[in-house]
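Can you keep this structure in mind? I'll have questions shortly.
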Amino acid sequence: MNPISNMDRAQVLNQALPYIQKYSQKTIVVKYGGNAMINEELKQAVMSDIVLLSLVGIRVVLVHGGGPEITEMLKKIGKESKFIGGLRYTDEETAQVVQMVLAGKINKSLVSLLHRHGGKSLGLCGMDGGMIEAKKLQGEVDLGFVGDIVKIDTAPIEVALNNGYIPVVATVGTDQEGNTYNINADTAAARIAAELKAENVILMTDIRGLLRDKEDESTLIPFVQVSEVPSLIRQGIISGGMIPKIECCVEAVRRGVKKAVIIDGRTPHSILIEILSDQGIGTMFY
Amino acid sequence: MNPISNMDRAQVLNQALPYIQKYSQKTIVVKYGGNAMINEELKQAVMSDIVLLSLVGIRVVLVHGGGPEITEMLKKIGKESKFIGGLRYTDEETAQVVQMVLAGKINKSLVSLLHRHGGKSLGLCGMDGGMIEAKKLQGEVDLGFVGDIVKIDTAPIEVALNNGYIPVVATVGTDQEGNTYNINADTAAARIAAELKAENVILMTDIRGLLRDKEDESTLIPFVQVSEVPSLIRQGIISGGMIPKIECCVEAVRRGVKKAVIIDGRTPHSILIEILSDQGIGTMFY
Amino acid sequence: MNPISNMDRAQVLNQALPYIQKYSQKTIVVKYGGNAMINEELKQAVMSDIVLLSLVGIRVVLVHGGGPEITEMLKKIGKESKFIGGLRYTDEETAQVVQMVLAGKINKSLVSLLHRHGGKSLGLCGMDGGMIEAKKLQGEVDLGFVGDIVKIDTAPIEVALNNGYIPVVATVGTDQEGNTYNINADTAAARIAAELKAENVILMTDIRGLLRDKEDESTLIPFVQVSEVPSLIRQGIISGGMIPKIECCVEAVRRGVKKAVIIDGRTPHSILIEILSDQGIGTMFY
Amino acid sequence: MNPISNMDRAQVLNQALPYIQKYSQKTIVVKYGGNAMINEELKQAVMSDIVLLSLVGIRVVLVHGGGPEITEMLKKIGKESKFIGGLRYTDEETAQVVQMVLAGKINKSLVSLLHRHGGKSLGLCGMDGGMIEAKKLQGEVDLGFVGDIVKIDTAPIEVALNNGYIPVVATVGTDQEGNTYNINADTAAARIAAELKAENVILMTDIRGLLRDKEDESTLIPFVQVSEVPSLIRQGIISGGMIPKIECCVEAVRRGVKKAVIIDGRTPHSILIEILSDQGIGTMFY
Amino acid sequence: MNPISNMDRAQVLNQALPYIQKYSQKTIVVKYGGNAMINEELKQAVMSDIVLLSLVGIRVVLVHGGGPEITEMLKKIGKESKFIGGLRYTDEETAQVVQMVLAGKINKSLVSLLHRHGGKSLGLCGMDGGMIEAKKLQGEVDLGFVGDIVKIDTAPIEVALNNGYIPVVATVGTDQEGNTYNINADTAAARIAAELKAENVILMTDIRGLLRDKEDESTLIPFVQVSEVPSLIRQGIISGGMIPKIECCVEAVRRGVKKAVIIDGRTPHSILIEILSDQGIGTMFY
Amino acid sequence: MNPISNMDRAQVLNQALPYIQKYSQKTIVVKYGGNAMINEELKQAVMSDIVLLSLVGIRVVLVHGGGPEITEMLKKIGKESKFIGGLRYTDEETAQVVQMVLAGKINKSLVSLLHRHGGKSLGLCGMDGGMIEAKKLQGEVDLGFVGDIVKIDTAPIEVALNNGYIPVVATVGTDQEGNTYNINADTAAARIAAELKAENVILMTDIRGLLRDKEDESTLIPFVQVSEVPSLIRQGIISGGMIPKIECCVEAVRRGVKKAVIIDGRTPHSILIEILSDQGIGTMFY
């Protein structure tokens, strides 16, 4: 990387000004996952971005998944991961592992990492303060303890934000009987954003955004009105694993989030670029 | 159990009054462990006691260990537990498991249980808000990632208490490099109590208290001045596994906690009896 | 009384938990009078109950009458008490005595008693902060300075509650000209409960509750919908001195108090039993 | 009275400005008694002065006695007042009457009067919130329940002031056993002023102030340093009933009150003139 | 001036009581201008009145003009003042002078004067906190930078009031491009009063009020309903320079100010007399 | 300027993170003057920097001078500027002009500019809230109304900061008699910084910093301990107009400001570079 002159530095900081103003004291929910969670360098960049955003006065909530680490832990205890239609079949033992890995390992390690980047954070899961009430996901196939969100109580998140902590949220929930459910992190991020009346929910993915031609990154579609989504699905432009992600975006916008963005977690500092420049990267739904 | 008359009920509630007054808005740290954590019925009784104390205006902090569940999980992943001088040898992989089991499984399950008993709680570990800064425990033998407490920042606990949540604390800590350490829960409870200027720290154990004659429960010593402890050790009345526990009590009292109590977690509702009656059970150090 | 075992004690406290939760931070207005005000032992029990409820987080307001002491004082100054239709004829001198006895003697003595049971309280009357604006009660017979409530300003009560004091209220009121009125304490309690949007108003009486057969205490009617009251009056089940008391209950419920209860003040700790157990005693109107 | 021109009115208001500034948000304790309490017109003037001072931002506390009304009530119930060395012998029955008359009759009537002059006030006595803890006054003669102040807890007064109420204080106190004591109002006012770190304590009397020649009002001594008092007593200038009053002044100043003033309650609006003009009337001790 | 007796003083203060009560914590906007701004003695009287009102708990906002000083300064720099239809033609250089004289000279000197009379004040202009957004006044003739109010943001005024400062407001405004506009002070005072939901807006003028016969001061019309104004204009009773002033009054009342008053600034302490006596002087519109 | 890649942008923002953390919620006083105040582009850059710093959570106070504009205005009114020893001789008329130009023209125009860059600000001078009390500067020569600071009351600045406004301060002061004084802006900035216990005071100048060889910018001395200053003066390295500036720095550091920096206002964004990078520019005194 070329050295950047002081002048250029000042220029860049200066150009960030209107964006900082725009998001000042606003809430942004970031769903963190995929490659950016596995690659060590990207991970450090994300943590540093989150701390920076938090420091310039943005109320950032970090929601995370952790599929690969769950799979790995299940393998360690000699249990095979079983997926049905892209969703993990979750028996009781698996649910325990999910809770343990998400809320104990990944969540607290993220908290620790943020701390090392100078941020103050609290690691929460859907059980804390009864934050995520879940019920068994209904569908054609029985997926065990895969949960559907019944109700979100954002009080613990707000207590964290109001006391200067970055809330890091692991998406396990419980029902009235105390069963543990595995909750899809994209869905949870979208719902939490809606409940917090967030300005923005950002889903980090491993793709460039929504491409008109999947083979050609230059065909990125930067803006999509949520009303256009059904037609894009019909045209096959939104397809496969993108469908649930984009449905989360649509859901979030429908419930009052100003915008929902899918960004490429493989680009370092993609969150900063998305928030603090006019170079929105990825695809924004509004 | 005989039915209790309304009159007796009123009587009992009434007699609890001076104790409730005494502890109103005071902080009590309860170290929860041992049999009371394994036996399902005792567990429910502890949770219900904690919620009740919290409801009558006592600021309760629940600190827990979880040795047996760690051992079990290590076994599951095919790793044998190794103890040196009563302390678990903790290599990096073990430290990960400790974090996962304590902060992810036990901690959040306790939070969930408290919730079902009508309490609001937040599950924290020593990483949250940088609460427990640790360093490698120095000693004759290398125990790996067994930690010594460097500094406690009680802000996350106080945020929880001040917002009406019961803080549940898993005692894993980190150092500046982000290494995870396994911290002894008795020690952590004592130190947290000291930092919070708690009124009382209660260590739940699997014995009746300090007995003059280990074979005879009727020889229970109800009160011990901390200055008497060295002599009791010399006499062999305090010995074996009791020594570190009682050193935690002494340490807590030295650092300003009004009293430190060892109670028998095998008796149902032993916490309630200890706090809300004149029948202090177990042994109190002051 | 048989000794109660620690286990039973814990059990009782434990069973009170859901009731404490239910009323936590809610307001309860207790109209205190009758035998429970004369019998010294019952009096102590009531004071202790009030302090306990206040301590476990319930906002208790104590409203009291004091007919017998007024009569006694009038006798002392050589003035006979005159009753018309159960209501005291109140000339100006009598009104002065009523104010003096209620607001100076009984009220402040209750404050002092609560203090000795460990409670903090403030003794108020309807004149404080202009709390009870009254006017001459209109009716067929002229009762002198017997007052009808025009307006309640609960600010002084709320100042007391919000600053941790138990408000004790003597029910004398004034009109714009500064005349003193004797206000029926049941009516005042019901109105104050309504203005405070209380959860519960409890009227202490000298009977067991509403009995289907006045001679047989086993015919107690535990629950009455306010809509059933007219029919119960017609049937003669509600009659005599019960009518105005029950009309206060109906009025309170109509104005938004969740429930109004008539309890037997002759039973020690009847308030505690009513609030903190499922053994509601007396008759509840909802 | 001659009509006052608008110009003169404005002039007067204007000249009050520096005094209002000086006392803004400061605390002034007024001991109200004597002729100003008996004469109806003077009483109205005092009430109106108190409301005005309170309105212009001065924290006024009104402390009152009530000897004549106590005597009158005792007479009504056929009990003779007995005085020893100027102090009322107070048996238990008398103590009850004192409490009743001071806290129930006079206190609440003053509250009601202030209300009619547009002020908001709360009527308190030494029992409220455990404000005045007393013990039996020790001396050569047994005076019964005449009390000496052990401790003042000004919390109830401050709650009133901070919530915009003028506290009106009847000076009856209690001991730990709940006995009622008659407390000298001058003494109580001085002590309350000291505890509140008041700017000023004003004792209303029925004399012009401290006169060098008791027969000649023109010999008024306007300022006295507390250190001069012993000499003035020796010279006989301070004598008789003035001694205890002036000792209260000295005590107040010694305990930190800026100044203590004895004013002539027989002059209408003497409080206003004292506070809001440079024509301090009466004698000031500093 | 005759000496005023203490009694009269007390009388006057006493009679001000109901007016102080009426305006306590209410907002009053005073437009200060004309003779009262030029004559040194009147100026001192106004400042002292403002401080007094502020001290007795009235939230006073002082809005000022400054035509003569602007004219004088323009003359100094060799620029002639040009008026069209009573309004100053304001080229860019003039606008600079207006800003400088109003916001720098007059405004800050008033702040300094209030300070010397014991008041705390902050000098603001329409630029502070973006308080007055203006645009070019549209009309038949081009008046240059004479502004029309687009929007008032009263936050800076409220910050001042809530922190105990008297806000002094110079009526220059800006548009989005940063141009400076000269804003009519009467209009600004009326609008600010409306935005603050003021109780009263007082315009100081150099006439006695609205006179039925301009030559005869005894024909003062003390009260005018805003609905009567058109008819009064038609009758010629309101005419000339009075028309815009009275239109400001009408506008203020229409936008929710309780009353708008035109008072004679040539009478010393006219503000005090208007606010604190029943001798409203001048003409009140309601 | 070359286009800056997104990656570089993110990099720059990221590298600013530790500096933002360091100054978060800390106070920085910037003395703005010289070329940066005259050159339009530099001015815009300064305003934008101030807004950015304020937005990322730094409490920025902007103190300004305005010599050239004062000179220009004096010339306009036909008055010559007279300097004695580098200080402007200030007769009464000049003092008026100083007040008018500083507090009315420059100050409010800066407020307006900050507003256009998205900042909220309040324009204050030393008269507001009695902020700067001054007295005549004593010296060999009579300089008229050139003031020496007697006392700073920072309340108005803190009110502005605490309510989210950037305080812009014009350095005119007054004495008890209400005379206006011209106060040196460097001195005022240093004193204000000291009173606010600021982290940093930054003086903008028209030179590169302290140079070992005045002719060679590469001989910049980046750090100076205040104790070294006398020796640097003796060596002639600090000389001429630098002496008073550096004495301000020394004074500020002596009074508790962490560091005082002289930066080159001719470099665009020099404030940003100074604060948000490790490339401190200019000379820092500590």
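Chains: A, B, C, D, E and F, in written order; residue numbering restarts at 1 for each.
The definition used in the following text is that a contact is a pair of C-beta atoms (placed from the backbone, for glycine too) under 8 Å apart; a residue touches a chain by one contact, two chains touch by 3 or more.
Keep in mind it's a predicted model, so treat the numbers as computed, not measured.
Shared contact partners of subunit A and subunit E comprise F. Between subunit E and subunit F, two chains of identical sequence, the interface residue sets overlap for the most part, with shared numbers making up over half of the total.
On a Cα centroid basis, the chain most remote from subunit C in this structure is F. Note on chain placement: the centre of subunit C and the centre of subunit E lie 56 Å apart, centres being C-alpha means. Once the centre of each chain is set as its mean CA position, subunit B and subunit C turn out to be 44 Å apart. Taken residue by residue, subunit D touches two or more other chains at no position, since every residue touches fewer.
Because contacts link each chain to exactly two others and close back on themselves, their graph is best described as a ring. All chains join into a single ring; listed from subunit D onward through subunit E, they run D, E, F, A, B, C. Contacts from subunit A toward subunit B in the complex involve residues 73, 76-78, 96, 99-105, 107-109, 111-113, 115-116, 120-125, 127-130, 155-156, 159-160, 163, 165, 172, 174, 176, 178, 180. By the touch rule above, subunit E contacts subunit D in their complex via residues 1-2, 4, 6-18, 20-21, 24, 45, 48-49, 51-52, 55-57, 117-118, 268-269, 272-273, 276-277, 279, 281.
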